[in-house]
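Read the structure below first, then the notes.
When the chains are written out, they are named A, B, C, D, E and F in that same order, and each has its own residue count from 1.
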């Protein structure tokens, strides 16, 4: 099985097969393009569900480069990124981790929510983000020079960071940054329509509810309603669920268990439908 | 043995063989059906023992889809969900975890009490809950595209969460939600009668005791008496235990060691029988 | 060796060979019998050394069912209960843990001081304690349906629990409960005489000392003198140790290092002999 | 190598070959003898270096039973006591830990400073200390019935225990106890002379210094000077070191870095020589 | 593969192939040269991105010695530095870690951000930093005498250390130290021009922005703008991004999410372009 | 490779080949000699860099005994000291750790900075430091009787200990102690001259600076300048570095980042050269 992995052209496995739908809201495409041309490491900042993952998939497709996405979490070790020794009948053999694979084949490596990872994983990327562009496979005794197409991209949600869990300044200093927000009203309506086939009027009402909810952020809500939840709601309506029930199911109940917040959100839903 | 597992048609192992008894208390069946039709990830909210597990087993039977249930706990790792390398005479081989199996065979995957799990397990499910519907088997170097029948369902008990242990907002934003409560009086009487064969009068008295106890939640009790404990009590009465002794054994003693609470509950029992 | 274990009739190994001496102090035998008949999971509550372990051994003998006892502790993992992969010349093979064995062969499984265990072990038992009666061997990919004779029993010492270490309510709601106390005076005298062959007068004096000490619980003593320590004292007296010395050795010194408590206990001993 | 261990008569390895010198200071020998005759588990209480280890070696020699001593520490696991699977060319095989060996061959098993061990090790001994006298080798699936000569003995230093680190009451309730103190003056002089060949006058002066130091316990010193340090000092004097230098080296410097305590101790030394 | 590693001339792998560009700002080259001539262990102190890594690469090239760089992190163990046993068909074999390799082949070993490592790694280097110049491979049972060309160099960022995380004084006492600051204005202009081909005027403006930002350190910023970020900005401008947009992307957004700080920085950018 | 280790005469590997230079400052050589003659375990107390390691190397050479030095750290386990099972083609085999090796071959075993080690390592040495002189290889099932030449020596820096990290009194009571201080002025001058070939006048000035710095201990400095740093400074001066620059590099910068302390030290340096 691992033979299969080593003999197949790994680059192809990570190419985005068709254009991911992405609605540009500023000049982020040309800015990213310039950064990629200089292989400057990039940090994508912004709240949950505002389209960072979609953007990087779109850019990888546009540039025709393979994309390797890694969801970071607090139990992820440097070995999960870099690789480890496994055992077969002839003893141990080395298997590259996803970061190493990306550096070898010249992929864009996207570390999603990098701040969730343990410090050893963030330190492991340092030598890939300065002029050296190397990755030290210490356990294997190899110093890997990154492929010339390789670029490192991380996502970062500023609303999340705490004193206990933040990127070290010496890590931040290694990235240029783009900032993402929820799309403007017109863009969001067109996204919801495009993804679900729902009508513009209903989509518009859903976006109105989302705007109200986003104003509650910091007053009892941690985060606003994402575009993703709006898409869920429109899908339920398309399947015949009454709009109010669909909103309760996909916009209100997942977000909060606080009675006041719920009442406010439910009143908003009632007012829009 | 592992060969056996790999060669048997795994889907069948996880099909629910006969209809699980479930008494609908609202429109949850049609709402869930619509969500499943769009493969929207679902969150089932509600207190212990109110029937969430029964509901999902019923829905899996109704949809004719395999169901894989995973009880989450704080020592469960992402590997327990996704899979790991094991060793045989020819070296290591990969064994899928239950989440991977569900994504491969197109099962409904039910993560019970997901908030108990460590963050790495909750982050591991992210890419399965957005438009990508992929699962990255990082240790194996495989990017698994979920089967078109696959759906992810989690349970969540809002009374349990604390500041220290809650779902991240970026996880909540990936689910539509249904809420469950204890059944209404009539429904609960018919459940207890159906499960134990006890008479309606006795069942009604037991439900009266439960209603009193549920009013004490927040005033010394963490949770009310579940339908399950009512079934236990009825079973003991059916075996010839006097009702008051059965209530003490199955309703009062398991719930609390507080003298005042016990006195109140025992007085209620005395008043009903 | 493991072959031997797998080929021997495992049920027999866990049968109680002869009747364990047990003096009933209420109707606990018939209550337990009724719970077993419905396979209701049981919780035995009570202080250290009051006979919970003896009771369950007696009931297993009376019912003619195998008994598997597991002493829980804070380093016990779910794997210790459920099983794990071991290695032989042909690679890894699975070995059932004691809980899995109990569910397969239809034993009564007694988890002693379950609150000491980590949460993953208590969550692991959930699916065995509701209508499913299944145990998910996730690492093996097997969903085990429990034998029809299987029953789960746990012990629980209410005096021990703290805010940090208690059973979750969702666990408690899965058990009916019996409560145990120190035996009454007459019963305890007859136990000490039966176990050691000592005379009734001396036994009575020892029980007097124990009653005094039990009144000190909460006033400098964590727990009273158990029946077990009374048996030790009587054994030492039977071997020719003077009663006062035997009491100091087996009743006073093990319990406390507090000077005041000791003085009180020693005065009580002096007054009785 | 492990074959060698399994084929040699293990009992002999643990027999005490010659009489360990022990000076009785009360009736501890007959009290222990009576406890051993009933196989009552024993707890030896007392400060460091007062002769608990020597006593148990003496008793094992006197009873002609093998003795297995285990120094407990906070990283010791239940597996270190009970045993584990090891690997050879044919796969894993089981190797008994020292507690299991003691229970099999009928040795006295002495757990030195048991309170240092983790709770899982103390819970592991419970079933060996009540009427069952069994040890559950859960990982091996064996329920070991202890040899009739087996006895469990633990040491316990009351001055050490803290709120964080103490034996559970349910553990203490399983032992009868003997208490040890530093020997009286005459006994201690004869011990130091016997062990080092030093004259009675010099030994007497050393014991005077020790008595002064023991009065400082609780006033800046955690523990008094042990008999062992007196023996060291006498040995240094026998090798030609001037008594004052020998006292500084073996009695003063190891005990404290506090300037006041040191001055007091040095003045005492100066006054005695 | 590991054979390949062992048979290739390892020294060559770690030689710096071409002169790394380094602009001396004092007499650090001759001071370091003198320290290397006596093989005195060196500590390089200074903030992130001021050129410590570049300096040590330059010196290794100048001295013609191999350089092994190790990025330290809090999950790095002594084994990651020293080596470990791996498994092949004939059993375990030893593989040197990077520190051991450096000591064997006579490389300069550079431990980057050593204070991030766990104490066991810092203690492991002690015997290499005094007159012994040995490394104890305890797990292998080998006492390695370092090659005469070997030198140990560590980096240390004084602004980072806290009470919880600092080098032990007994470690600091083993190193002579060089201090690095951001380069002076003229040097920094010439670095940015040399690295990016941008004009002197634009480079000068970027350095002006950096000087303003560095004055904010301690007043809301943890660290100033590094030379590396200035290089990123110049590269973006060279790719056709307007200077203000390039500054926002590479100088402002990565550094801070504080609204006031951002406003100040943006005003500075506006004032310079 | 491990075969080679087992077949070579291990004693020779640990013999000190030539006399380590050591300048006696009191009667520590004869005191240590007497302690070794009685095999009394020794504790060497004193600050960093005052010559404890050099002293024990000198004594091992003088006595003609092998010396095994172990640098302790907080991640060192008892297995690192005692030994462990490793794997080869025939299964596991045992490899002695350095403490076990020392006890077998009759070496002096020097545990450097023992207080850094975890408690299990300090408890593991107890049975080697009393009249038993045994080491229990519990995992191997062997009770090792120490070679008659074996002696245990530990180092201990009193300035370091905190309430959280100190030797247990029951450990301290097992050692006689020698105390080391920085050498007196004349001795230190002759050491610096002997080690570096520098002239007496310059060496004297360096010692003057060290004396000033040592007076600052407790007033902003944790530890004084060690003899080792004086040797570094003299070496740099011998290589042509101006004395003031050499002092800044090797005496001032490594010790402190506090501006006041630095100013004081720099003024002292200026005043001396």
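By our rule, contacts are C-beta pairs under 8 Å (C-beta built on N, C-alpha and C of every residue); 3 or more make two chains touch, one makes a residue touch a chain.
Every value quoted in this text rests on a predicted model; they were computed, and no experiment measured them.
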What's the overlap between the neighbours of subunit A and those of subunit E? none
By Cα centroid distance, the chain farthest from subunit E is C
Tell me, please, which chain's centre (mean of its C-alpha atoms) is farthest from the centre of subunit B? F
Rotating subunit D so that its CA atoms sit on those of subunit F: what angle is that, to a multiple of 5 degrees? 60
Rounded Å distance between subunit B and subunit D, as computed from the means of their C-alpha atoms: 52
Taking each chain's centre as the mean of its CA atoms, how far is subunit E from subunit F in angstrom? 30
Whole-Å gap separating subunit B and subunit F, where each centre is the average of the chain's CA atoms: 60
Which residues belonging to subunit F are in contact with no fewer than two other chains? 87, 89-90
With touching defined as stated, please give the ring order of all chains, subunit D first and subunit F second. D, F, E, A, B, C
Touching subunit F in the complex, subunit E uses residues 27, 30-31, 34-35, 37-38, 40, 43, 45, 77-78, 85, 87, 89-94, 118-120, 123-124, 126-127, 130-132, 136, 138-143, 158, 161, 169-170, 172-179
Subunit B partner contacts - residues on subunit A that touch it in the complex: 1-2, 5, 13-14, 48-49, 53-54, 69-76, 80, 84, 86-90, 95-98, 101, 112-113, 116, 157, 160, 222-223, 225-226, 228-229, 232, 235-236, 238-241, 245, 249-250, 253-255, 257
